[in-house]
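Each of the next two complexes has subunit A plus one more chain, namely subunit B in the first and subunit C in the second.
Up next, the complex of A and B:
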């Protein structure tokens, strides 16, 4: 076997698999989005974008991402720094912290619903402590801030660990000698974090942020469980088009818009956190 | 004023005793070279002085102040790491200026010092590059420049020139010595190159298995090695050893010859002589030439004396062929004696 062909031959099965189960359906969706049954059209996009719920669901999705992702990034960095300083019990702590990753997003939403709903833990606690006379409906349209907070908390709880594991792996790749050199040349622990850890972590930060931002645009089940219709998001709208309104073309168009947003953010992250040639570890 | 005192320092890694009984004073502005074979604890000692490693026992003083509990940055030191530790994400300029930036020096001062040290190390044309775009030797010079730019009281260098070609090393070594003397810096310089040690050092500390065997001027270490290890380690080719048995009244029998020696009651001593302190003579040690290597100025003859391999550096005018029988007379005042039990020198 020629060594030139062998690598291509080896990736052939995966490529075929991806073409069959990813590219093909994707092409179908794209075709749907740009057709009106008879020919090419942009009407689906126009309809979707001009619908009154589009701006609010776009705004909610972006707002949620903007609130959740920076907090998660900061938390993940903090946790990763702490874990990588530990000498013993490090694996155990990591396992515990990554447990929420093993829970589906709908289940996570339900867990937090159990905390926030009218008969939930939070209300029981508040009445028990005498803070309120009777349980209040925290997740109602009168409390939009509370709904947002509950969703944001649930998202942070559920999906910080995905960034954590990537960052822990990234920190593990940074040789100890750079920290020692920085220490000798006068960098305080905070300066070492800023001037050594963060820049050398750029490849991991890229991966973690892209993954997390894309997931943030796809937020759905947690929002459905906690906010229902009070907090429309883009994914919820796609669902509604497809199953409530039976409008597959509109759903496909909106899905493509979400995809475009994701790609745009991915490109921005890649650009901002790029590592110059020759500057890798 | 930066005198370094190391008092009773010992270091254990788990059960492994990496350093023991280290007592050493490095005077202000002195150039001290730590010389020893690989794994003898040179880097460990340097890291303890720098504060990157804590000694299991003992004290470190710098400039009359005990520094054991101080962070590395508060010890007034700069260091050249054995593995360079040149930051990959910074340009050469920012690498050299790293410590200066940490001290929040103004930009023009940083620029001035970076350019000066870079020029000194012949890397001024590389300032914009990243470390991934440098050769090993260039990276090493960045590490040296980064330490020099700090203008520290004490500079610790862990084999800073090991990766340079012979010519460049010679040049860098001279420049380094000049700069450090001029800036009145106290320097500790680790190497396992004895020529480098000889040419740079005010004093050499020879280390062996985690101990300092001898700390003295290069010529003293060379002429009067304190132990067999030093005698065998320093000098190329190394010192020759032969077993001596007492012949009474301060005389010793070496390879059948009677030689004047110390008045001691020992049943055996090691007789030692440097290859260049031997010369052909009427009477002396009987030797059979085995290998003859002309070295230009000299002739290195490896022969057999009393069943032992024995080297002599002879005048290149002599014609010696393998198999020739020689009589080699040791220069009497250059003979050294060692106790085979303790391996230490005896007077």
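Up next, the complex of A and C:
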């Protein structure tokens, strides 16, 4: 077989699969968002954007992403550098750290709910230590800050590992020679991290950030478990349109808005963390 | 990762295949009711086991329930034999896609229910299947705080607020519980209880001065309500845990409390306001989609479900009451006795002001309920001024009523054409 055709032949199944199960449904959703049953309309977009909860849920989603992703990035970098220095037991530590990845996000939300709710672990502990007289209701509409904190904590706990895995792989690719050379010239560990690890990690950071930011805009189950209706987010609104209101067109319109935000952020990350032409590890 | 995904895919594919094969001979009963595991199991073992052909009982959330039904109807062929859902769910479906059920010769004893079941056509599109209502329940420890001279079976909203305040003061914690969680049935309280009791209407009086009073009273009650109520959806849980002492909820969402500890709780009618004791029935129905694979078996199953013995077995399983003439045996579960008595007292009270389920809204039922939920969230949780919120929400309510052309239902005065918001 001609070596020029082979690559295309090999990616053909995946391409077909994506066309059938991604592009085609996507086209249907887009069509649904712009139609009112009879013809083209922007009414669906107007409806969802003018709904009083839209600005709140948009703000909540962006705030949550802004709070969670940087913390996760810092944590993942820290954990990855620690792991890469380990001689023994590296795999074991990695396995333990990635356990939260294997748990469904709803389950993760429920685990944290068991900690924060009125009869939960945190309250039992505080009562046991005599810090409070009786269990306090932490996740109530009166404590929006606490609700936000609980959701952010649960998200950080649940999804840092996905960045960790990508970054660990990226660090493994950096040739040892650079570090040896830096050591010879007397660079401190911090300097080595700043001048070698970070720049050479760019491609991995790019992937990790894009993946994580897009996922942050899709946050749903953790919020539903911990915040209920107290912390509306975009995904929760899409669910409500589709299943509570049976309004598939509005849900499709809102989904396209989330898609647009995701694409915008992806482009920004691609641009900011671009790898200069011709530069390789 | 890919291998695992592939394996998972293969396994789930196999599982789907197996259920498909297993369900071939049985009638698929696709229901939004009796979803909790114990109820679903009781439906299978105690209610449907007696049906000769065998039934595959599959309860599901309302969203997936409707999605699959619509997919089968669009495809023109399906595997669902019988549908079970609330009246409102059927109202959201095109009556054309449901089989006319007049020829079966069975119907409920209530003419109101039977006419609701026609969904605006001339024939029965679904059959009334079982009914319930919303009531109040309290922990017996709360009874000592009842205001002086108050009769628990004939409370007013003022007395309820005073009672909740007494408990709050006595225990040091707000102990009124309200199902304001994501899955809670709060909208029914506003539509069937608060509004009828204060304004003698639901739609016409939405933004009336009386409605402002109603919301003010609700705010007073909210001061003595456990703030965690925004996470409560099944009040039996909070009754049992002690987080709430006085609660409002659907009879079947209180049942477990009475069945687990029958001596600790009392059930009683909803309170009365200036325009009477508003309350609302809940009606579930059964229907057959036009795509049912085995029409005869489906019709047999519907007839079987309407038999008095099956209806009593259903009552035991789900805490929903029969809609046909059925002699209740003495050994019913405590929850049935307690709820039955409370509902009877409520409907027999001299100031009873029964409201109907919202009807004629079709697929806008969800949007209609969202108006009331949003009003609650804005006034009570976000603390926005009542008049302004009502004015704002009123516009959307008007739009829904005009779009659907739904005429008024009780307790609103009848209307020619779409029910107006005054």
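Before moving on, here are some points about what is shown:
The rule is simple: the second predicted complex is superposed on the first by the 275 of 281 C-alpha atoms of A that agree within 3 Å, B and C clash if a C-alpha of one lies under 4 Å from a C-alpha of the other, contacts with A are read in each partner's own complex, and residues count from 1 in each chain.
One rule holds for everything that comes next: a residue touches a chain if its C-beta (ideal position, glycine included) is under 8 Å from a C-beta of that chain, and two chains touch if they have at least 3 such contacts.
Source: prediction; values computed, not measured.
When both complexes are superposed on subunit A, subunit B and subunit C fit side by side without a clash. Touch criterion met: A:246 reaches subunit C, while subunit B stays clear of it. Of the two partner chains, neither subunit B nor subunit C is touched by A:87.
Chain centres taken from Cα atoms put the angle at subunit A, between subunit B and subunit C, at 160 degrees to the nearest 10.
By the touch criterion stated above, A:200 is placed in contact with subunit B alone, subunit C being left untouched.
Contacts of A:185 after superposition: subunit B is touched, whereas subunit C is not reached. Smallest inter-chain Cα distance, subunit B versus subunit C, after superposition on the shared chain: 32 Å. Taken together, the two complexes place no residue of subunit A in contact with both subunit B and subunit C. Note for the complex: subunit A touches subunit C at residues 52-53, 117-119, 134, 137, 139-142, 224, 228-230, 242-247. Across the interface of their complex, subunit A is touched by residues 50-52, 71-73, 77-79, 81, 83, 85, 87-90, 98-99, 102-103, 129-133, 146, 150 of subunit B. Subunit A meets subunit B in the complex at residues 175, 177-178, 180-188, 191, 195-196, 199-200, 202, 275-281. Contact residues of subunit C toward subunit A in the complex are 61-64, 66, 92, 172-173, 180-182, 226-228, 230-231, 241, 243, 363, 366-367, 370, 374, 377-378, 381, 392.
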